[in-house]
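What follows are several structures.
What follows is a pair of complexes built around chain A, which joins chain B in one and chain C in the other.
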Partner chain A sequence: MSDTATPSAPNVLVASMAERKTARRERWHLLRKRPGFIIGVFICGFWTVCAVLGDRITPYDPFTDRDGLSCGRAPCPPSSAHWFGTDKIGRDILSRVMMGARDLLMVAPVAAVLSVIFGTILGMVMGYYRGLVDNVLSRIVEAFLALPVVMVGLFILTLSKDSAVLDAISFGSRNVIIIYVVALLFTPIVARTVRSTVLGERDLDYVVSARLRGESSLFIMTREILPNITAPIIVELTVRIGYSIFTVATLSLLGVGLQRPSPDWGLAIAEGRDLLPADQWWPVTFPALAIATLVVGVNLIADSIQAVYER
Partner chain B sequence: MWRYVVKRVLFSLVTLWLLATIVFLMTWFLPSDSARLILGAQAPEASVAEFRIRNGLNDSFLTQYFRLMKGLITFDFGQSWKYPQYEVWEYLRTPLAKTAKIAVLALIITTPISIGAGLIAAKFRDRKTDRAIVLFGLAASSIPEFVTCALLMVGLGLKLGWLEPVYSTEAEKLSLFGQLRFLLIPALALALAYFGYIARMMRAGTIQALDSDYVRTASMKGLSGSQVMRSHVLRNAIAPTITVMSVQVGYLISGILGVEYIYNYPGFSRVLLDAATDGDLPVLQVAVLISALIYMVATLFADLFIAWLNPRARLELGSS
Partner chain C sequence: MSLTTSRPGSSIGALALDVDDLHLAYNVRGIPRPVLRGVSFHIEPGEAYGLVGESGCGKSTTAYAALRYMPRNGIITGGTIKVDGDDITSMNRSQLREFRVHKASMVYQDPGSALNPTIKIGKQLIESFTVLGQSGTEAEKSALEALRKVQIADPARVMGRYPHQLSGGMLQRVVIAMALACDPKLLVLDEPTTGLDATVEAEVLDLVRTLRNETGAAILLIAHNLGVIRSMCDRVGVMYAGKIVEEGEAQEVFDSPKHPYTMGLLRSLPRGGMHKSQSALATIPGTLPVLGSDLPTCVYIDRCPLADDTCRTVVPPVVQVAPGHTARCHHIDKVSEIAAVVPSTLREAGTDTVLEITGVSKTFRQAGHDIPALVGVDLSLTDGETLGLVGESGSGKSTLAKAILGVHAPDAGSSLTLDQHQLASKINKRSADDKRAMQIIFQNPDSALNASWTVRNILLRSVRKLTGKDKEAANARVAALADHLRLSPRHLDMKPRQLSGGLKQRVAIARAFAGDPRIVVCDEPTSALDVSVQAAILNLLAELQSEQRTSYVFISHDLGVVRYLADRIAVMYLGRIMEVATTADIFEGPNHPYTEALLSAVPSVDGEPRVRIRLDGEIPSPANPPSGCVFHPRCHRFIEGVCDVTEPPIVEVVVGHSIRCHIPPDELQRLQALDA
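Up next is the complex of A and B:
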């Protein structure tokens, strides 16, 4: 296909690439000046460090240390030895909260990325071809949009407990199944956004001229349209990561997401809930604050990126 | 206008049919042994086989599919598998009403406050009040409802002692007013999340309206500030808010599930969880379809309400 391009095409390409580069640098400059973005990066950075280093930086072993009985009987309230107290079998809550970032930060962003990849492909096909393909797919997408994500996640995750097929494609890991489910449920949402963006692009001059040049549909979609719709896709990705964390945390709370002995925050909140009537507030409060800070951090970043890109 | 309504309803029916098909396919392909789950691991093989025959689990793909479709049309989904003494709908009705109670309470609390906050933020755009409302809204809507609920349970329930930290069946003996002590924490958790959505959308809609030509014209022709606000700004600013709210219904239902669970509230989430762990497929299918139906009704009403508010939208809808 490149041999049919006019001689001046490379120059145009270079010019537009340089333009894109300046635009990118400009946006980055604007982003760095937003306090919300800085705070968000700081918060997410903190939890990422916790997730990556895990038990190498926690004060106690999050799984096996069960000697947190400084008060005689677990759970112990916060003290100088255990800043966040210990849980009902004497494990240090600070260590578990730090470690709890790991599974969530592995599962949720991967699910979001997958949904954005599939959603982009689907949305481009729908928006570019229009017609019957678009009509049929749009109805299916709409149907999916009506399904509450957590409810369907619950539905699939409980019923798929012993599926040989799922076990095979998920390498026997529960976390991978969660990634698939969340990605599947988010894909239609992304597809709808991408579709409407492509609809706005497909009749612009550059697409029309590419079509006149005789480029293949695949080339036009991936090399012409895609570079021009990266902004809404990036915005969608950051927003999706936020929702993905929400979904995974809720599924874990309900007992169908991440499983014990993962120190996941949603799980920890569910376990600590039963201790509340006995005035033992710390097993719930600290994991809850952890989720709250992480999602606020992610949303601060998402919000700043949205503001800069949609300026 | 009527043509539009009819068209919308017909489209919704197609969506509903597709949904039922998706839900059916999911149950068909997921390998859960409902008979075993419901009767227990100890049950003799004979009664498990009898259960399968009685509930049509051995029927072919198409027979089972058409049974669900027939149920959808006649609105008769048969009995719960786990509790055969109940019709599915009967079984779901009470918990659904309980869930509606906290959802409605949350909306009563949040709607006036968040619309007001959105208007105030727009009026003081880019000043401290605005920044505070926007930031608070962002936090309120991004923190999962169950997390807010957990923190409220600790704060308002345990530390301050104003409300009940966890639900107990004691509440059922009380009058509706007396129950408030048991309903306010989950309702507040939901209200906070709704606040984030409504206030931020309301702010954006108001700013757009305030910048528009028709508002400038209205104030130049001598209408007072409050008159312009009421009959020009509010009317236009509320439309995007309503659209966003209706599209977010799915997330709001997801949020309610978490809140009910953490507060130990015997609503929709409990039946849903029980039905999922038991493999009580009729209950599960209908529960998912009901929540999808709520979403579709909400988006339909939102569109109609916007058309009623705004003659221009009515025209666009009529022509499309």
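Up next is the complex of A and C:
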């Protein structure tokens, strides 16, 4: 230690401000350092590019069999011309898999966002009011949770085929109905998560203080509590997107989701399923791998965000 | 084991702890930030040594370093630590483990988190004996014996309990029993009584004192409560910014401090019967330097009233003031100059009754059982008056405050009048004026302020909502409020987490005063703060009260603080008021036996001798209150056949001083004089 020094009164405030700013950037910093996050972003980025550009970057037209009979008869196994082979009516599977990301990536994230919005509203009401309101809503939510997701989806989507009401609110689009159904299926799950977070928050002194100055319940929920529970909601959203992709694919596989001629992966698996016994594995395998990579990619991102937020 | 050469005056054998020029840094984002800057001290075998200082000064880091417990980013950059002669800085993992098993133990601040909630007490305790190599049955015997040693009445039963089934005081005893299992040479206690009530604290400290005599373990005690340090320790080190700035015998350091920092700390405490009407509290301006800042000369320079050019250019020498008493300062001869009293210019409390509450009860219902948390409370409050509410946790202080505020609606039959008009029991039924009239300052400013709002929005919203001012007028009011509470304009655009504890509490106070309240409930507003910050907040509260004639309901477990700020004090037990009187009368006596016990439990920094009255057991559950006088099972003046049969009457000793006790005041006075 030196004997002499110039008087350096450290500006405590400026220093601590700088510290805070770094701390705010820290989450992003930490995220970027996680290999899981990088891989996840890479995978999801790839599928997003496919979805956006679609048939502009596919090697063949995904909807026709123009070049599909290179091997003589459909389906062709993977070859240098058709890397993933062709399906039973001669369409290029690589092109269809790339194109298949479009419908899924339009439907699944929107459904997840809707479920998080509804679930947050429901969960906040349950957690904030507690008592009778919470008791009634909680039982309904639990009843809903007891039903298998796919069963309910199947039921509603099957019925919806000739429902005028559903037709009206979905603007005649099948995709919109699927969005509604998946959002409805996930809302109770999100509501439960949000409810427990609100329960932890609503007895904190700042809420008491807001009540003491006469704020309305709506104000307290939306302006006081909501900004403080965004972290778990964001985590929930990323997790829901992963599940939502899976659910939409499952519904399509069962034939009630996206419809032909969509190159949707679930649908493609359903169509190629009967070729499996004939050792024609490629029409099923590649779309299945596509679903797997996308779900894994989204979950890698979700896990990283969760780990960083709940650090 | 190697033996170090003993210091002059010490007995043969190694020092229990010898820390020599310890430098320690925390690695933050790749940059080492110094936390300890050359800490040197030693503890003789069997000696008790205390470390004091504000939070962030490095005392806990030092305590943990004594056992080489460090966070992963902590690195020792220089110096040595020797425990019982062994250098622990150079030990490898297995040596370190062996050392911790046999030589040293630690007791933490929160006993609840020091024990595993899913394992029975007995199993956890037995484990600390089996690691020493004892067999199962031996260990069980030792565990029972250990519990007996820490004065647990029914050890066999406690062994079969889970941690959540025991009170904080009991848990801390168990933790101490575990720490003493290996018969350590060194016992480190890190704020062992901080979360506990004064009465329980007194018992735990008594226990530690007894055990120290029995086992001969040396003690390193960390506490922010200077009274605790004084009553427990032989010698004390005062730390600031990673350095020990003064060291000496506890009594001497506290009675004649020689370093400006020690002086500042001691003067910011309300002590020796000080009252706000006589003098304001001294404060230490500024804050602790930021972690890792460059402090080439005196570490205290930025906050020291005596700092001059010498201090800025020359490293202060370690000056020997008296044998064994050293201070690191250029100006020890000038330190007494700091001690000028700051005269008080406060107005006295008025005589107009602002709030009158009669027969206020609150019964919670839980699983079909009635739990009476408040039973027939009568109190009144005049303008500009501070009413102190004291009592152990669970006595109903906070419930009473919340009932007054309307957060919990009191039971039917309770009556609250504010300025002669009846108040609605629930907050949302009260008029805008009534809402404005009563506000609260919470204990913990972290949870009291919405973390996602800026300070400006927090204040602005309160001003607009409470006063109905338009945006422009409200903005002006916020600026005025901030100015009044010495918050600078740039603080207004920060989020609470960017502010220090003291500043956060100022924001909370500003918010409470946004609409010129008549009554402010202060729920332990300074217990989360350091003493120097506490002094500034208490001064501020007193000034605001004197200017605006606001009345305070001041809840605190710190009797020193209550004595300083309160005009009257109400003592609560199990939801009932046991005694109410002016502050002077409470400290004068005669007192209710419960008050007497509370007063005797407080360890004083002035070290005056007093008779300790031990309160046995815990505060009972309000769901099942004792018969007769609710205090009788713990009362040291219990009269059989009377106290446990009939409820005591409220007796007025002098005007304004009433006691709820069967023993007449004259008799109480006589008994209490006999004991003193």
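In this text, the second predicted complex is superposed on the first by the 285 of 311 C-alpha atoms of A that agree within 3 Å, B and C clash if a C-alpha of one lies under 4 Å from a C-alpha of the other, contacts with A are read in each partner's own complex, and residues count from 1 in each chain.
Keep this in mind: a contact is a pair of C-beta atoms (placed from the backbone, for glycine too) under 8 Å apart; a residue touches a chain by one contact, two chains touch by 3 or more.
Please read these numbers as outputs of a predicted model, since none were measured by experiment.
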- Message: Output check: A:L254 vs chain B and chain C. Expected answer is one of first, second, both, neither. What do you get?
- Response: first
- Message: Taking the superposition on A as described, I'd like to know which of chain B and chain C A:E215 touches: first, second, both or neither.
- Response: second
- Should A:N228 be classified as contacting the first partner (chain B), the second (chain C), both, or neither? second
- Message: Per the contact definition in the header, classify A:A112: touching chain B only (first), chain C only (second), both, or neither.
- Response: neither
- In the superposed arrangement, does chain B or chain C reach more residues of chain A? B
- Query: Can you list the residues on chain C that touch chain A in the complex?
  - Reply: 29, 38, 286-287, 289-290, 293-294, 296-297, 301-302, 312-315, 405-407, 427-428, 432, 435, 438-440, 442, 444, 447-453, 461-462, 465-466, 490, 494, 497-498, 511, 514-515
- Interfacial residue positions of chain A with respect to chain B in the complex: 36, 139-140, 142-152, 154-156, 158-165, 242-243, 246-247, 249-250, 253-256, 266, 269-270, 273, 276-277, 279, 281, 284-285, 288-289, 291-292, 295-296, 298-300, 303
- Interfacial residue positions of chain B with respect to chain A in the complex: 14-15, 18-19, 22, 26-27, 30-32, 135, 138-139, 142-144, 146-148, 150-151, 153-154, 157-159, 165-166, 247, 250-251, 253-255, 257-258, 261-262, 264, 269, 272-273, 276-277, 279, 284, 287-288, 291-292, 295-296
- Item | Touch list for chain A against partner chain C, complex | 1-5, 7-10, 12-13, 15-17, 19-20, 22, 204-206, 208-215, 224, 227-228
